[in-house]
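Given below, in the form of structure tokens, are the structures.
Heads up, the next two complexes both have chain A, just with different partners, chain B and then chain C.
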Partner chain A sequence: MADSTSQSRSRDLDKLLLRPGNLVGSTFEPGTQLREDIKEIVRVLVIGAGGLGCELLKDLAFSGFRNLEVIDMDRIEVTNLNRQFLFRLGDVGKPKAEVAAKRVMERVSGVDIKPHFCRIEDKPISFYNDFSIIVLGLDSVEARSYINSVACSFLEYDSDDNPREETIKPMVDGGTEGFKGHARIIMPGVTPCFECTIWLFPPQVKFPLCTLAETPRTAAHCIEYAHLIKWDEVHSGKTFDPDYPEHMQWVYSEAVKRAELFGIPGVTYSLTQGVVKNIIPAIASTNAIISAVCSLETLKIVSGCSKTLTNYLTYNGVEGLHTKVTEFVRDKDCIVCGPGVLIELEVSITLKKFIDLLEDHPKLLLTRVSVTYRGDNLYMQAPPVLEEMTRSNLDLPLFELMSKTPTDIVHVTGAAGKGDKKQSCSRKLRVVFKGVGVTDMDMAGGA
Partner chain B sequence: MAEPKVKYDRQLRIWGEQGQAALEKASICLLNCGPTGSETLKNLVLGGVGSITVVDGSKVEVGDLGNNFMVDESSVGESKAKCVCAFLQELNDAVKAKFIEDCPEELIETNPSFFSQFTLVIATQLVEDSMVKLDRICREANIILIFARSYGLMGLVRISVKEHTVIESKPDHFLDDLRLNNPWQELRRFTETIDLNTTDAVVHKHTPYIIILVKIAEEWANTHGGNLPSTREEKRQFKDLIKSKMITMDEENYKEAMEASYKVFSPRGIGPNLQKIIDDSCAEVDTNSSDFWVMVAALKEFIANEGGGETPLEGSIPDMTSSTELYVNLQKTYQAKAEADFLVIEQRVRNLLEKISRDPASISRANIKSFSKNARKLAVCRYRLIEDEFNSPVQPELQKYLTDEDYRTLQEANSLKVLPENTAGGLYILLRAADRFAVNYNKFPGQFDSEMDEDISRLKTTAVGLLNDLGCNSSALSEDLINEMCRYGASELHAVAAFVGGVASQEVIKLITRQFIPMSGTFIFNGIDNKSQLLLL
Partner chain C sequence: MIRLFKVKEKQREEAENANGKPTVKKQSAGELRLHKDISELNLPKTCSISFPNGKDDLMNFEVTIRPDEGYYMGGTFTFSFSISPMYPHEAPKVKCKTKVYHPNIDLEGNVCLNILREDWKPVLNINTIIYGLYHLFTEPNHEDPLNHEAAAVLRDNPKLFESNVRRALHGGYVGQTYFTRCM
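After this line comes the complex of A and B, so read on.
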């Protein structure tokens, strides 16, 4: 039962990429050219080299992709080894991205994986624009939100407010918790972005401080009392570090004392770690399942070799096995993937004044703002060298800095939100200068 | 903490040390170690199963380098089982890994007793004929069997075991066992010591909702001939009654009481799932009964006698606004009742064991306690022989999975290439047709580029024949799907194998730990639009 292609490494994948089909995407052009393009031209960025990231790198490498990059700020821990199959006990302490990239390259010849051992915010926005598609294997809402805002900032709309296809940066996002998970595809401007459906990720419930201080009832209340109140009382000025076993041990023993005082059962060291570090249980199988869907969808988006997921899959393996596909819809007024927040300005306004304005803008509430215009840094908060170089722009009129363009898109990055809920983000602004170029009539139409 | 405990921390939080101990005792056999089999075992080795035995008679080919992570360039020409086994061992040295360089189909034919040594057999990429034979062998030896198959963009996972019983099903959402609609004497007495009409505002807003609801339910019953609210109007009035007791509108405990008032309205007694279990003929125990069914028999007696129609109390309460003292005392009241109920169950279990001439101590206290606590959440899963499913599937179900009128009309009217909702049913039939095809033509449909057109019409004929044999209407089969199946040409794509392997390993874990509920029916992965389905055939 041998075939001419049986001696080829792409024996199985070729069936999918070289043969025509009826249940495929509209862009599908089967053939060796497609296979070569996936190999040579397509560049995929994987965000996170943890439980999902390890699987994603392997699955993508076997889906014909050769140019992969991976970014992760974490180092390998012993608790990763029950699922992050690219790591061994001897790797503990090493950067995840680097070890993961090395291991996959060792076993899948021809694939090139460039690791980035850093925070996602450390990369310039332009870094993310170099990829054909971004695959997210993250465990935090904040990080997803940031990458989403970055990918959406590349999106441009034409004069009819339709997204320009060449500016769409597709994303595939996965997430797991225990036996449950989700996978989704985000085509900014076409399908809902992360922010359009942010309600799918409700904020974590925190215990009221008065409960912790006055009426503790559960083991978790005793632990959080020791962690959030007692620690500061006893160790004035010393920050609690959950990665220091002595710190954790102290919180544990204080929690035990408090629990005994009130007659509350159930404080254990393991629970203390779980509560303090907000540990999400994680197993290999769910990560494998969700990553497989994400990789397959990545291949489909890039090649058109089959229908794509529209647009959100939930998975639950607790009781039997349930999968559900939901088609969510875009939020037309989304400030992240919409055509941009409209800002009307006087021509005389300086860059400094413009930045101040964003802080008070009810939709934006942006602080520590950096501004770029058509790829040029108008003002950068960091690093210090760039700050110094761009500082002189602050007193110049923005209109001048934008070469007197009456209306255009300006990108800003900064911290959004109020109080302690601030998080990094990138926003697209549609700046319009009053009384120049366009008449008031035109503007009404464009806004 | 010792290193293994740290390593397994994230999963111990799911299945606990008992679940982990069960995994570490398990001995697992894998048939065929292509990507589907390798990925299944990878997830289990990482989790720390006791031992694995990889059975595969083939040598590594260049083509395998494109879809199997456990082989590399240096493996070409070597035994695949040996290479895969070596890589798996590298992942976790606590696992005893061995391999057998033998063809699984031959083992099934010539050495059926081979399989009796394992806890569980994972059979990957087997065709229909071998599946049926292996299933008979494992059923006879009472070995848990799980089939996993990847085929192009589709996949199949099917569990086969006569019976699997679960005590710790750990459901996500399950009504807590508070007995607000049927409080026992000690709970009533406890609530009698509390005065809802206290003028002390601090005490008032720290009275837990359990007490509020028990007292208000009693007040209601006294003025309603002993009945609890049942109509929509009565339920509204009941909530108004709660509201009327509030001193200020921001009392969290009273808000919680209103939200939890449905617990007062919910019916007393046991649910339909448990009713089915205690009505099962296995609950009539004899010497051959398993521990589970002996305990079910004891439970049945308890419900009919001491329980007064209820199960033993679970004994835990959720967190709620309360003073520490009241909450802790309430918790003790629930725990004391749970303990008392457990002791009754235990005595009944011991008596039953004696009655069926077994050692009364042969079921441990810990097991009976867990059973007593989880009595409302028991699960029994039974699986048909695969042969029976193949020969006589539940016909109306199958027809339902195949038919989708909306889609057909839509497609004919607009010639739109939308996928039917029930694609999974079509994929199931076509996978079976592909196996029949392979028997007839000694190759899979679409295996060779040059014979595509011929294979498409042959596969169609085969599938129509199969459907006729099963008594189903064959007109529901989509041409596009037949074409798609030939396009796959029996390829084993890595990402599909990773999905199927992920599902298979998850089910293995549920079966071995005896926690959570394994899937029923035949799972069909639909990698085209991800509308996968469990077929109950």
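After this line comes the complex of A and C, so read on.
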């Protein structure tokens, strides 16, 4: 018999998980078993323990998830305390992941949160494969792109180019900037991945260097002058590190001098930090709203208790409130999540023969081909200096060049199409060598 | 997806007993895009490229420009390129390694070229930048000054600018600044 507190704790969740409904996902199986499975089997990784991460950990813990892990490389700063509500003044200087995990575990009995105080790149790729679902509370395009490429690297396709369901690593991505935010779900192979829609991110505002050097008009111009031009002039060879207070202080004092020279008001230490680190003021309630959406979508994906968001929600609270869901589409040629072109080869084929074969392949018709495999540039048709360095590979068997890997991804670039319709392109190839190491299981279609 | 997670959990336990796949080097989308840019480079005779770290590091390279016309004819100028994994979302970082008397390049090697900063777009590529850099030597421009004095001389006294450039190229002082020979 469950005691009454644990029953009351899952009361609201039970309304979603124990009853059938008309709007549920196709595989939904309501019942107490589902509730227990969410506790026992599902492993959720939260990336980031900052403004969104604190909210996410709390929301997920209250949504019935028991096995959580969180990864964050940062330590707590005083300026975090207004919104990163799991942290107290006495925590300043401690790793965010460790304090966040501890605080949520203190409040929500039964939940187990394992913190990782490190960079996302420090973990082996296999670390990420151990989770059922990955929830992202990040603030950079670069980190999202990295996690996306890791999650997509687990994806496999069957011989009909359909994603193999058991290799899909779902992601839920949240992001906020001031009063604006987004939440999206990424099911690699099914919905667009991060790279399919990279154009959604606006480019960073960058001032022309000559404006900074010659005609500064704003406080930000003075700060960027000190940061980008003056720093190198004075500290030759030493790299500026925005996380060193002395460095930031130096840039600030130089910016003040510059501003005085041009009669520009408004240079402050916090503006200096803001401009140099590209900080946009964070709003606690935007984080709360976006986190709530992300947590609910995580529950929906895992349990099937309702259809999921398709597939990108934007929230804008700048003037009034506007929110909208957009269904973005996949880039079918995406080199990160796309199936690529399946090519079966004899182990004896040389790189040269392989390149010739791509020219006649009906799905490729590629000429002027360059080939790269896991960071090894096997052949570069240009520039001449690289062509010369890679030419000797042409007569070697591709199988040897790929360290005798029976099946793997190879990337090629070249000109596709025929006649005057030629177009330069990048293609992903799923190379399979015939008769080596491939078992019936590997060749089977989606389970 | 919970049924799938159950299956996977079982597989995970089994896999832990066996040996996991060794982790292998991955290429970022930025590296792949750069691979395409580099393999399609079509440089004029006046420009050449080299890869100090060998054929497998395309993210760091050097471009040498030898202008065959204009003020800087006969000079040799080397630029270092450093490409971020977020390329082409982020522009390459380019610095001039040769100390040069030029209105749009300062003595630290910072370059004022619009497509390197405010006008960078992901549809541009490495070839575009190299042509842009070459253009700086054939058409130095006093309206975007990074070297304030050189820009003023170019604007007010092109003849003097020309002789200053020659002096710098041959190695010598222009004002207080010494330039190493780069012919």
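Definition applied: the second predicted complex is superposed on the first by the 327 of 447 C-alpha atoms of A that agree within 3 Å, B and C clash if a C-alpha of one lies under 4 Å from a C-alpha of the other, contacts with A are read in each partner's own complex, and residues count from 1 in each chain.
The rule is simple: contacts are C-beta pairs under 8 Å (C-beta built on N, C-alpha and C of every residue); 3 or more make two chains touch, one makes a residue touch a chain.
In this text, all values refer to a predicted model and were calculated from it rather than measured experimentally.
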Which superposed partner A:192 touches (first chain B, second chain C, both, neither): neither
Chain B versus chain C as contact partner of A:126, first or second or both or neither: second
Touched partner set for A:38, first chain B, second chain C, both or neither: second
Touched partner set for A:262, first chain B, second chain C, both or neither: first
Contacts of A:50 with chain B and chain C, given as first, second, both or neither: neither
Chain A residues touching chain C - in the complex, by the definition given at the top: 27, 29, 34, 37-38, 41-42, 124-126, 130, 132-133, 141-142, 145-146, 149-150, 153, 165-166, 168, 170, 195, 198-199, 201, 203-210, 213-214, 228-229, 232-233, 236, 301-304, 335-336, 370, 372, 374-377, 380-383, 385-386, 389-390, 411, 413-414, 424-426, 447
Complex contacts: residues of chain C adjacent to chain A: 1-9, 12, 20-21, 23-33, 35-36, 38-43, 48-51, 54-56, 58, 84-86, 89-91, 104, 106-108, 110-112, 114, 117-118, 120-122, 144-146, 148
Residues of chain A that touch chain B when the two form their complex: 1, 3-16, 19-23, 55, 58-59, 62-63, 78-79, 81-83, 85, 88, 106-109, 178-179, 183, 215-218, 262-265, 269-270, 273-274, 279-289, 291-293, 295-296, 299, 306-310, 313, 316-321, 323, 325
Partner chain A, residues of chain B touching it in the complex: 1, 3, 6-14, 35, 39, 42-43, 46-48, 61-63, 65-67, 69, 72-73, 90-92, 152-153, 169-172, 206, 319-320, 322-324, 327-328, 331, 417, 419, 442-443, 446-449, 452, 479-481, 483-484, 487-489, 491-496, 498-499, 501-503, 505-507, 509-510, 516-520, 523, 527-532, 534
